[in-house]
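Below is one structure, written out as structure tokens; comments come after it.
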Amino acid sequence: MAMRFEHDFTVPVPIEQAWAVLLDVERVAPCLPGAALDTVEGDEFTGRMKIKVGPITVTYRGSARFEDVDKDAHTLTIQASGKESRGTGTAAATVKATLSPADGSTAVAVESSFNVTGRPAQFGRGVMAEVGGKLIDRFAANLADLLAEPAHEFPAAPAVPVPAEGAAEVPEEGPAEGPVEGPAVVEERHLSAVPSPPDQDIRPAGTLRTSRTPDEEALDLLEIAGTPLLKRLAPVAGAVAALLLIGWLIRRLMR
Amino acid sequence: MPRITVTVDGVGYEEEVEPRLLLVHLLRERLGKTGTPVGCDTSNCGACTVMLDGKTVKSCSVLAVQADGCDIVTIEGLGSPGSMHPMQRAFHEEHALQCGYCTPGMVMAAIDLLRDTPDPSEEAIREGLEGNLCRCTGYCNIVRAVRRGAQEMGQAVKSS
Amino acid sequence: MTELDPGLVGEQIAESDQISEPGGTGGEIGRSRRRKEDARLLTGHTRWTDNLVQPGMLYVMFLRSPMAHARITRVDVSGARGLPGVFAAFSGQDFADEQGSLPCAWPVSEDIVIPDHPPMAVSEVRYVGEAVACVVATDRYRAADALEAIEVDYEPLPAVVDMNDALTEGSPKVHEAGNQAFTAKITSGDIEAAFRDAPVLIDRTYIQQRLIPSAMEPRAVLASTDGDGFTLWTSTQIPHVLRVMLAVTTGIPEHKIRVVAPDVGGGFGSKLQVTAEEVLCLLLTRRLGRPVKWTESRSEGNLTVHHGRDQIQHIRVAAESDGRIRGLQVDLLADMGAYLMLVTPGIPMLGAALYNAIYKMDAYEFGCTGVFTTKMPTDAYRGAGRPEATYAIERVMDELAAELGLDPVEVRRRNWIRHEEFPYTTIAGLTYDSGNYEAATDRAMALFGYDKLRAEQADRRDRGDPVQLGIGVSIYTEMCGLAPSRLLGESNYGAGGWEHGTIRMLPTGKVEVITGTSPHGQGHVTAWSQIVADTLGVPFEDITVLHGDTAISHKGMDTYGSRSLVVGGVAVLQACEKVKDKARKLAAHLLECSPEDLEFAEGAFQVRGTDSRKTIQELAFAAFTAHSLPEGVEAGLDSDSTFDPDNYSFPHGTHLCAVEVDTETGMSKIRSYVAVDDVGKVINPLIVDGQVHGGIAQGIAQALYEEAVYDAEGNLLTTTMADYLLPSAADLPTFVTDRTETPATSNPLGVKGVGEAGTIASTPAVVNAIVDALRPRGIHDVQMPCTPERVWRALEGVRR
Amino acid sequence: MIPATFDYVRPGSLDEACQALASDEDAKALAGGQSLLPLLRLRLAYPSTLVDLGRLPELTGVHDRGDHVFIGAMTTHDEVMRSSLVNSACPLVALTTATVADPAVRHRGTFGGSLAHADPAADLPAVVLALDGVLVARSAEGEREIPAAEFFVDYLESALRPGEILLGARIPKLGDGWGYHYEKFHRTAQAWPIVGVAAAVRRSNGSIQEARIGLTNMGPTPLRARAVESALQGAELGDQVRQACEQAAEGTSPSGDLHAQPDYRRHLARVLTHRAIRTAAGSP
């Protein structure tokens, strides 16, 4: 089961600063909810990732490395792959980040793709499809937060729920029996889930969001994603504040 | 390991079981009650249906420890080849089985649905059997058998 | 909806060639005998393979590939070996030298590529679910735990999921030799002329979705050895074929292998296979010296029991403006999956001569390309090639009718072979021996209330009712028997099609019948008893039928392709006749008359015009004691016979289906279903009806519910029954069934076979009905399964 | 398939149960197990301990509490659908429960288990949400009330905290003049609903005074069709109701999976909401 996502956001720090943070794997890795780093050796690192959805738990162990690091173009790719610690399944991810300067700020484009095999990928009501989009959304949001981290105070988030209709939705043109859906359509919105073309029958929910307050979202993240990121951020501003920022960023970017 | 007591087809057993042991495996592999088969792992097919304290359950989706202290009736406790339960007889008369794999569960489900509806309509029978899959019969003769079984059981009640 | 009065059944017997009745007088043949098999099955006294236990038995479980396509770079089973209760653990490498390659017995063409197919993958996996390692433990719980301790590293290779993609230049390859498994072409008549300037041309592409056979009993294998020979109990349709193939595959001498098919809980073609697990259990018991048992779980089975169908059918019809067909052109892509299993490539070819179906035409062309993909191999599933053919032609006949504004029955009438034209040699070269399409169709239309339903349909259309009514017609024939060895040889099939039967008259006058067929729900024990009771004049109850054990039934070709009665039943009949011949000699000897003076009736030979007689039971005892035998007659009253017909048999029938389509939700609901089948002479009407019912249900399930779905990376998404939807009683109506009867001329029983008829007929009946409901809105096809969403999308597509 | 090992405790009291769940973050409550057992068998769930709530009488039963009915978490579906109290005071719960799975599963599966599992494709969460049910949970710290609107947090995620068990739910009695319907749309009787609509409607004088609508499987949690509810206030049966129901998919975010794509689910939500309302309003 493959999923592809694109995220664009802008962080209010200069590009070199953002780039430096991006290269710091010990800080970037935990942006993936549930991930924990075990070892770092040069461009190679190993770790674990626990995905927990209600009673369902899948734990992966694996390794990742930086590839194609281009400091001039400010692009890099992280390749990660892992195996279920108890089942036979595997997971692989490719995350390509591109930074570009924008008026003293930095525009960040993150393209991520996931490929999951094994039992979690073998259900019609896709466990991984449900969770994959959320996971990568949060990765991007956490990354946005991390890159912005040293620069600014955290603005207070308005306590207005995110309107769900405005949330990114999966493009849905094309009848189900059509042979192959055309190339992925990335709509105007900045957060989009891009289904793999021939795979439209099982495309993931992507970045859908319901009407929830940032508090609930924080709670949710705590439950689903485990705690590494929150622990790391706690000294800085407190977990909830950090997540408020994420909520704020997402809303701002979706306009 | 937990120790449980169960009565199966009228015989009491006391067993030490792993918590994860499925009731159907207790029946089949510990107690030798192989009349109850397993057809799936998601509780869809109903082949493993038995009566637990008088109500049908899918024994693949019940832990043996959950059945502690319970009274279980399997297809083997219902009747024997020489003296079948009216529902078993009705299945035979109406040719409501072919390969026979779904049959134990189907018979159990049929008897269960008559608890509420002693004289069920075709629709009630079909709905009452929705948790039991058969791949051979197309269900036509099963529906007829349940109706016949219902009549015979009804008469048995009246005459007793 | 009520079932028909039994009195109606078979009342319309066409007057074609009647076959002489078999010799008996008991009136058993044609009688709705309740089955002998039932009591055991109904009371739990079953012998499913998973029920069986042997002293010291160990449990096997297989670790299966999560990858559709990958190189195996490392398998480490050491973690499993140390665990409590674990007896052994092996990788494919551990068996590389002895496991051989799983057989393909039907190399259908010269250009066929039969890739090596190791039972346990050694260096590369090519579908999700392929076995890569196994553990052997004291119980299945320990075995399941141990699987988690095996480490496998894969280097992913690109999945090949779509057949069209697989054949494009530059596609990743499933096998070194490429993705084309074979090509085949059959041409008859001048196809170019037929299509040149044809007044009407219909050109359609249909997709036969991939199906999972879903026999209710998951597969299971128990293998044991006494240090010399091996016994394999397995949930199979083909114990005899399997024994030969196991010997060939593993090198174990055939006479050292005994295969037993105990109670088998349905097959539908899925247990017509030589499976990796059967081979590996045999090798494991050889290696370990202990009995080993493997039982699959349903989710494992959905991944690894061979799948069915999966074809893309391009069909073109050239016709005259009055609807008469000039020519038919069919081009198939058939998904083989990752390997060619026992008869994988033969499946589409079984339909090759049936696209022309019941219709007359001047030219026919059939082409087929077998394609490798990184999915579970396909192979026989109920109907095997024939449902696909019937679907395409019956769908396209409706399109032809629509194109010409004709009633779908009428367009078929104009093309079908009339009953007086039998025997008829079709454009595809088959000779249909008997049939009467008119009778079956007339009967079906009367039972269905065809005209009344058409009137209601018109009314709903006029009213713009959101629930529209559609009427589906499917008039089919098929070829059964899988049978004439000569014809199978011509098609390069790896075996013959004969069947074997034995009669053993026991000293006490009871009868043991041994059959080479291997029933798994069909009721052979009952039906064969009926044949024997009538032929030998012994009581039905005095007969037992033994089957499914190569140590008892020493030869046979097993059960598939609706062949058992047509070939195996006849072998039993012939064996009875041989017993009678011998008994007659013995009776003449004992009664001191000439054999010609004896007449056989009610189980006894009687000297004509006297009351001097010997019953068959008395003769059996006399043959047993052998105190006084005629010259040249050996002791005992047993006989063997094999039967090999000289033609297939051709059941046919007319199925009509009314479907209500909710145009708001897209939901289709079958309102009524009528099937009138002509399966020739009927031995047991109850069993025949049961076969038809079950067949119809499976065909409907293809039309409406079932589909094995792989995602683009080759993951099967329908691994459980929560996702692979099988209909329950609540999802199906009661079917109205009836029969007409034109006896087959290719066998002395006049029987044609019934195992697959319902499945073959019903799928197009349902889809034709759905399309018929929607056609006024400009819809001409809905892809199977016709889910509510697909129907809705079709409607949305034309609304735009 | 075979579950992985776990420990099993069968507490004799609620306190013990809370303690068992609180002491181990990978412990999981066993509340009938009709959803959990298949997950265990497929090895998608690896709880360390199962805390069997099956022998706690205080968790079972249906109780009349004046303005509401309290349904104990461990009351089986079968008991709920047969309860005369539930049938008379909250018929929507009874008639929806009768559509859950199949008879054998209803004999084991429980009301609270189904809610706590928080599967958006399950039937009961939408009903409890539509009826403004209040879930009552208990932990070592005491009892807590959670409105249904806050209980269903995400796909398979409820607001229950570690160490907290669901005691049951308070279902408000809606009183006279209400009609009810659960419109379930599934491909086969056994299949998960593609969409389900739970509707309660108060009707008088040919128009709808008030409506409560819960949607099954239209997002990662059950949802209320709020836009329809407000548009239905005072709507005349007929076109006005039809138009109001056109808003049924507003605010939803259905997923696309093997069984349906989001746009089809939205379409179904509109059609089925209309059907559910019409039936609930007694206007076929």
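The letters A, B, C and D name the chains in turn, as written, and every chain counts its residues from 1.
The definition used in the following text is that a contact is a pair of C-beta atoms (placed from the backbone, for glycine too) under 8 Å apart; a residue touches a chain by one contact, two chains touch by 3 or more.
On a predicted model such as this, the values are computed, not experimentally measured, just so you know.
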{"item": "Chain nearest the overall Cα centroid", "value": "C"}
{"item": "B-C against A-C, pair bridged by the larger set of C-beta contacts", "value": "B-C"}
{"item": "Inter-chain centre distance, chain B versus chain C - centres from mean C-alpha coordinates, in Å", "value": "29"}
{"item": "Centre distance in Å when chain A and chain B are each reduced to the mean of their C-alpha atoms", "value": "49"}
{"item": "CA centroid of chain A to CA centroid of chain D, Å", "value": "31"}
{"item": "Multi-partner residues of chain D (at least 2 other chains)", "value": "1-2, 4-5, 38, 41-43, 189-190, 192, 258-259, 261, 264"}
{"item": "Residues of chain C touching at least two other chains", "value": "140-141, 148, 297, 299, 709, 717-718, 720-723, 726, 728, 730, 787, 789, 793"}
{"item": "Per-residue overlap in chain B, given as positions that touch at least 2 other chains", "value": "18, 20, 41-42, 44, 127, 130-133"}
{"item": "Chain pairs in mutual contact under the definition given at the outset", "value": "A-C, A-D, B-C, B-D, C-D"}
{"item": "Residue ranges of chain C in contact with chain B within the complex", "value": "3, 32, 34-35, 37-46, 48, 50-51, 139-141, 214-218, 263-266, 268, 297-299, 520-523, 686-687, 689-691, 693-698, 720-722, 726, 728-730, 732, 734-735, 758"}
{"item": "Parts of chain C lying in touch with chain A, wherever the complex brings them together", "value": "63-68, 128, 147-148, 152, 154, 156, 161-162, 299, 303, 709, 711-713, 715-720, 722-723, 782-783, 787, 789-790, 793-794, 796-797"}
{"item": "Chain D-facing residues of chain B, complex", "value": "2, 18-20, 22, 41-44, 46, 49, 52, 55-58, 60-63, 65-66, 68, 109, 112-113, 127-128, 130-133"}
{"item": "Touching residues on chain D, where the partner in the complex is chain C", "value": "1-2, 4-5, 38, 41-43, 185, 187-192, 194, 258-261, 264, 267-268, 271-272"}
{"item": "Residue ranges of chain D touching chain A (in the complex, touch as defined)", "value": "4, 28, 35-36, 39, 42-47, 117-119, 121, 150, 153-157, 159, 192, 219-221, 223, 250-253, 255-259, 261-264"}
